[in-house]
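By written order: A, B, C and D. Residues from 1 in each chain.
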Amino acid sequence: MSIIDWFAKREKNTVDTTEKLNIPGHLWIKCDHCQEILFQKDLKDNAHVCPKCGFHFRMVAMDRLALIFDPASFVPEDENLGPTDFLSFSDSESYTDRIRKAQAKTKRQDAVVSGMATLNHNPISVAVMDFSYMGGSMGSVVGEKITRTIERGLAKRCPVVVFTSSGGARMQEGIMSLMQMAKTSGALDLLGRAGIPYVSVLCDPTTGGTSASFAILGDFNFAEPGALISFAGPRVIEQTIRQKLPDGFQRAEFLLSHGMVDRVVDRRELRATLSLVLDMVWGCPAV
Amino acid sequence: MKLLPFEKPLGELYEKIEQLKTLSRESDIDLSSEIKKIEKRAEAVREDIYQNLTPSQVLQIARHPNRPDSLSFFRLISEDFIELHGDRAFGDDPAIVGGLGRIDGRRVMWIGHQKGHDTKENIRRNFGMPNPEGYRKALRLMQMANKFGLPIVTLIDTPGAYPGIEAEERGQAEAIARNLREMMGFGVPIVTFVIGEGGSGGALGIGVANRVYMLENAVYSVISPEGCASILFRDAKQADIAAKNLKITAKDIVGLGVADGIIPEPLGGAHHDWSSVSLAIKAQILRDLAEMSTQTPETLRQSRYAKFRAMGVFTS
Amino acid sequence: MSIIDWFAKREKNTVDTTEKLNIPGHLWIKCDHCQEILFQKDLKDNAHVCPKCGFHFRMVAMDRLALIFDPASFVPEDENLGPTDFLSFSDSESYTDRIRKAQAKTKRQDAVVSGMATLNHNPISVAVMDFSYMGGSMGSVVGEKITRTIERGLAKRCPVVVFTSSGGARMQEGIMSLMQMAKTSGALDLLGRAGIPYVSVLCDPTTGGTSASFAILGDFNFAEPGALISFAGPRVIEQTIRQKLPDGFQRAEFLLSHGMVDRVVDRRELRATLSLVLDMVWGCPAV
Amino acid sequence: MKLLPFEKPLGELYEKIEQLKTLSRESDIDLSSEIKKIEKRAEAVREDIYQNLTPSQVLQIARHPNRPDSLSFFRLISEDFIELHGDRAFGDDPAIVGGLGRIDGRRVMWIGHQKGHDTKENIRRNFGMPNPEGYRKALRLMQMANKFGLPIVTLIDTPGAYPGIEAEERGQAEAIARNLREMMGFGVPIVTFVIGEGGSGGALGIGVANRVYMLENAVYSVISPEGCASILFRDAKQADIAAKNLKITAKDIVGLGVADGIIPEPLGGAHHDWSSVSLAIKAQILRDLAEMSTQTPETLRQSRYAKFRAMGVFTS
């Protein structure tokens, strides 16, 4: 439902700006927030955070893994899982075509990268969602890979860390996309019973079915500054209540003051914060 | 009884029959063969309409204002129903109801979304769209059931969780997500029926069950066809096509392995005969509870997880 | 803290009205709510509920036991536990004197009656608080008897039912009265772990330390119509926020709409309601 | 540093010493013997005042605006403190704080009431008077500690839970009561320090512990002396007498068996030397945690229950 909003947004500029990062030769980029023109390399060296105003640009999965975990420690899993148009769904475009385009654009089967990594040499089962693949929407593959990520943590008895960025459920997979909410959340019940920590890092945007399942269920919920986090998206709510929403509504800082996240963490501090809390509850010393 | 748009031809025939009957009575002319002819035609039209319903027509039946609601089902199916209120933290959401009842001697905890049958009641019930405290009330009652070893039966009937400012402030996402996780962990049998509209995460928030059934004219969908159409087709008027493509009917949902079976409704829809539908639901509950009554909490948990764990279609 | 209010109230009429019930020869009584003059016997035959307007008069413990449980089934326990002025507390009057007067007035050691009773021949461990004894305030004896009531349920594996009516902690026992909150609530942790049901019936008034401990922790919380149920009492709140409180604030129906009680139950329906829910969760058939 | 009313004689002497020192410097006259004499007198007055404090004077120290607060203690006593926010349902109450920290390598969950040191901060912290979401945040964090086997250390410093309309609406009583019950059930060690004001149920709501300590000038009371006086004496000005009668000082509380020991403060109160008090608290925590580290969850639960079970004085 709330997927409405990222679709609307996609029309505007947020995604475009982020996507420009992937165009070779595109050396300069404008900050959405402060309008400063930034040299791309400076931005990258600063964890894709605007050096001037602190705006957090969206980040592609591999950059994020490199930023947070031990160098070259990430080993992907389940890379071969791919989506299929089992409902023969078609709107202005068939799902089959949408998949083909998204795969061509991202060089990836679906909207999540998952596998094992280490943090200060401690094993972590990790998944990172990729908003540039169909708005990070959750279909069968995303649900399956997140579930396997949780189950890997269970099997290896190591913490699970998930970076979310998703407009919600993937409509083109109909009811099956909805059921991924139950599947992923259910896996977290097993993980919780086993006493293994789960950290959710909520990145911009995390809405709809993703926010209402594994994204919000962390033992620790950390949000990136300014990230949109919501069940219903702003546009849906505005249509429902027929009034404009207040500034900052559903942003990370709003979620913090409403008790939903433990901390809003600057991306440049995230590795340190993850290291600290995992050491506290699980004993992963930063040796 | 409100006639749905696609029932109009049928309505016209029924009206004609009534007119002829009146005429026959008032003028003392025998029109019985004429009447019988039209009745036969009506019957044929009726079968034709209801046996070839399009998904969006099914959706209209699922949303029919006279369709039986959760509280009525609780009372029709179980004896001694007693409603229990409140989440013990913030409020008592009228859009989700719950309480204890006895079905042929078997004690259960009922949970359901609650719509109204008229505007006033619908406003009170927020058209069946819960706020976070509704999901939290449901959770409290399910936890009570789990504590005392009572099976849980949930009835799904909502356009979705309420998309409002305060609902977001109080953690709509959190409330639903927590229910998904906690329901997976209960050691008692859980049976769910989608009795009308199964709308999105707001529906699933009370739907993580060992057995899931669709009423014949119920729908279950990740997004309302209207919402889907306005996003994907950029045109809300394409809702009919979206309803078709989303595969939301009982047959589709069972075909995809998301529901386990279909509870038949009388021709025309459950609103024509609440009690026959109640009996069918009751029979299904009793069959399932009998079967699951010998299973351990761990088995119930594991089989519930296995059920949802298997959902998803992908290549590898 | 909230005990302020019943002290204030005591000055007015509520308690007096109830107390009149115990004066022999006093055959007529005026309903606080609708001003109707009632024949005392009619009132008693109607469970001390005004036949005209449904107003629930306060009820003494033995009447309540007789109304709810099987005839003559109640067997008192711990009757000999009595209070003692271990702090040598004295204000306008010494605690010793206050105890003496309350005991003389109520013919009871302290503000709670407890023991075993049966409901449809099923054993129930029960306690009933008595507001007429120093405003039902909770000191060591009340805390101890409530705790023993819970522990009896645990030992006999039978449901526990408590009727609360209390202005809060008994200041004259200082910190020890506060600790009764932890003691009674802690006993409920044991009962809950054992899976034994606990029903709290909140009667007028239930405030302060009683409301913030065992009174609100029922598997089922049932409240009598119109009962005042609060943590902080109305007067304290008015003093704090310096504005008048809305009508019905902190009454049973308010608690219901704010999610704190399962039902507001007319006293005349209470036996049936208790029978029903205890049968549902524990199997106490009404044979 | 704000001087308390009863410290006035001492303040006057200190002022005089300062004056003499200034005079001596400016006029180059040797006043050192005069100064020494007054200093000696000040020392005597100081000892006299602080070793014979009345309960209501202790109360003033307990409420001193410069008294160390919970967050400061967390940071002074533990390394790597990280604050965690929110109850995951409604809000993040600034009047109760919590988070993870390491005390000499031992990981703990900190919980505490939080007052401010100036008006602005006090308004933000609601003068340390929590709303229900504060107790629910504390519960969430304690549950996390219990899940991961971390000891819990709580610091009590509140006039009481906030008596407001919204606090009542959201279940102040329920939030406190639930904490009392849940804290009794945790399988990890819990240690509590009353660091300032221990006011009523709002204090106890994070105080059901295996070990309870009073700072030397902390108080713990079922009701504020002012409140007690206005009810029982019908005269708020009798608060001094009420403070005495209620037995609220550290010595009284330990004497009654409600607390296990007293953490000494520097003469004049903890606000004169935060770090020495921190060290004393830290040492106590480490002693207790070492002792309890070998106990099973069941033993910890049972001994915690036994501790509170034994509280109460009555005849039989």
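The rule is short, and it goes like this: a contact is a pair of C-beta atoms (placed from the backbone, for glycine too) under 8 Å apart; a residue touches a chain by one contact, two chains touch by 3 or more.
None of these values were measured; they are calculated from a predicted model.
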TODO: Could you see whether B-C or C-D has the larger number of C-beta contact pairs?
DONE: C-D
Open item on the list: Counting only Cα atoms for the centres, state how far chain B is from chain C in Å.
Closed with: 42
Open item on the list: Centroid of chain A to centroid of chain B, CA atoms only: how many Å?
Closed with: 33
Open item on the list: How many angstrom lie between the centres of chain B and chain D, each centre taken as the mean Cα position?
Closed with: 54
Task: Touching two or more other chains - residues of chain D - done: 88-90, 170-171, 174
- [ ] Would you give the residues of chain C that are in contact with at least 2 other chains, written as numbers and ranges?
- [x] 192, 258-260
- [ ] Could you please write down every pair of chains that are in touch?
- [x] A-B, A-D, B-C, B-D, C-D
Task: Contact set on chain D toward chain A in their complex - done: 80, 82-92, 100, 102, 107, 133, 137, 144, 147-150
Open item on the list: For a test of understanding, state which residues of chain C touch chain D in their complex under the given definition.
Closed with: 1-4, 7, 78, 80-84, 86-87, 89-92, 140-141, 143-144, 147, 169, 171, 173-183, 185-190, 192-193, 208-209, 211-217, 229-232, 236-237, 240-241, 245, 249-250, 258-260
- [ ] Enumerate the contact residues on chain C facing chain B in the complex.
- [x] 192, 195, 197, 219-221, 256-263, 273, 276-277, 279-282
- [ ] State the interface residues of chain B toward chain A in the complex, per the touch definition above.
- [x] 160-161, 163-165, 167-174, 176-178, 180-182, 184-185, 200-201, 204-205, 207-208, 220-224, 227-228, 230-234, 238, 241-242, 245-248, 252-253, 256, 258, 304-305, 308-309, 311-316
Task: Touch list for chain D against partner chain B, complex - done: 88-90, 132, 136, 170-171, 174-175
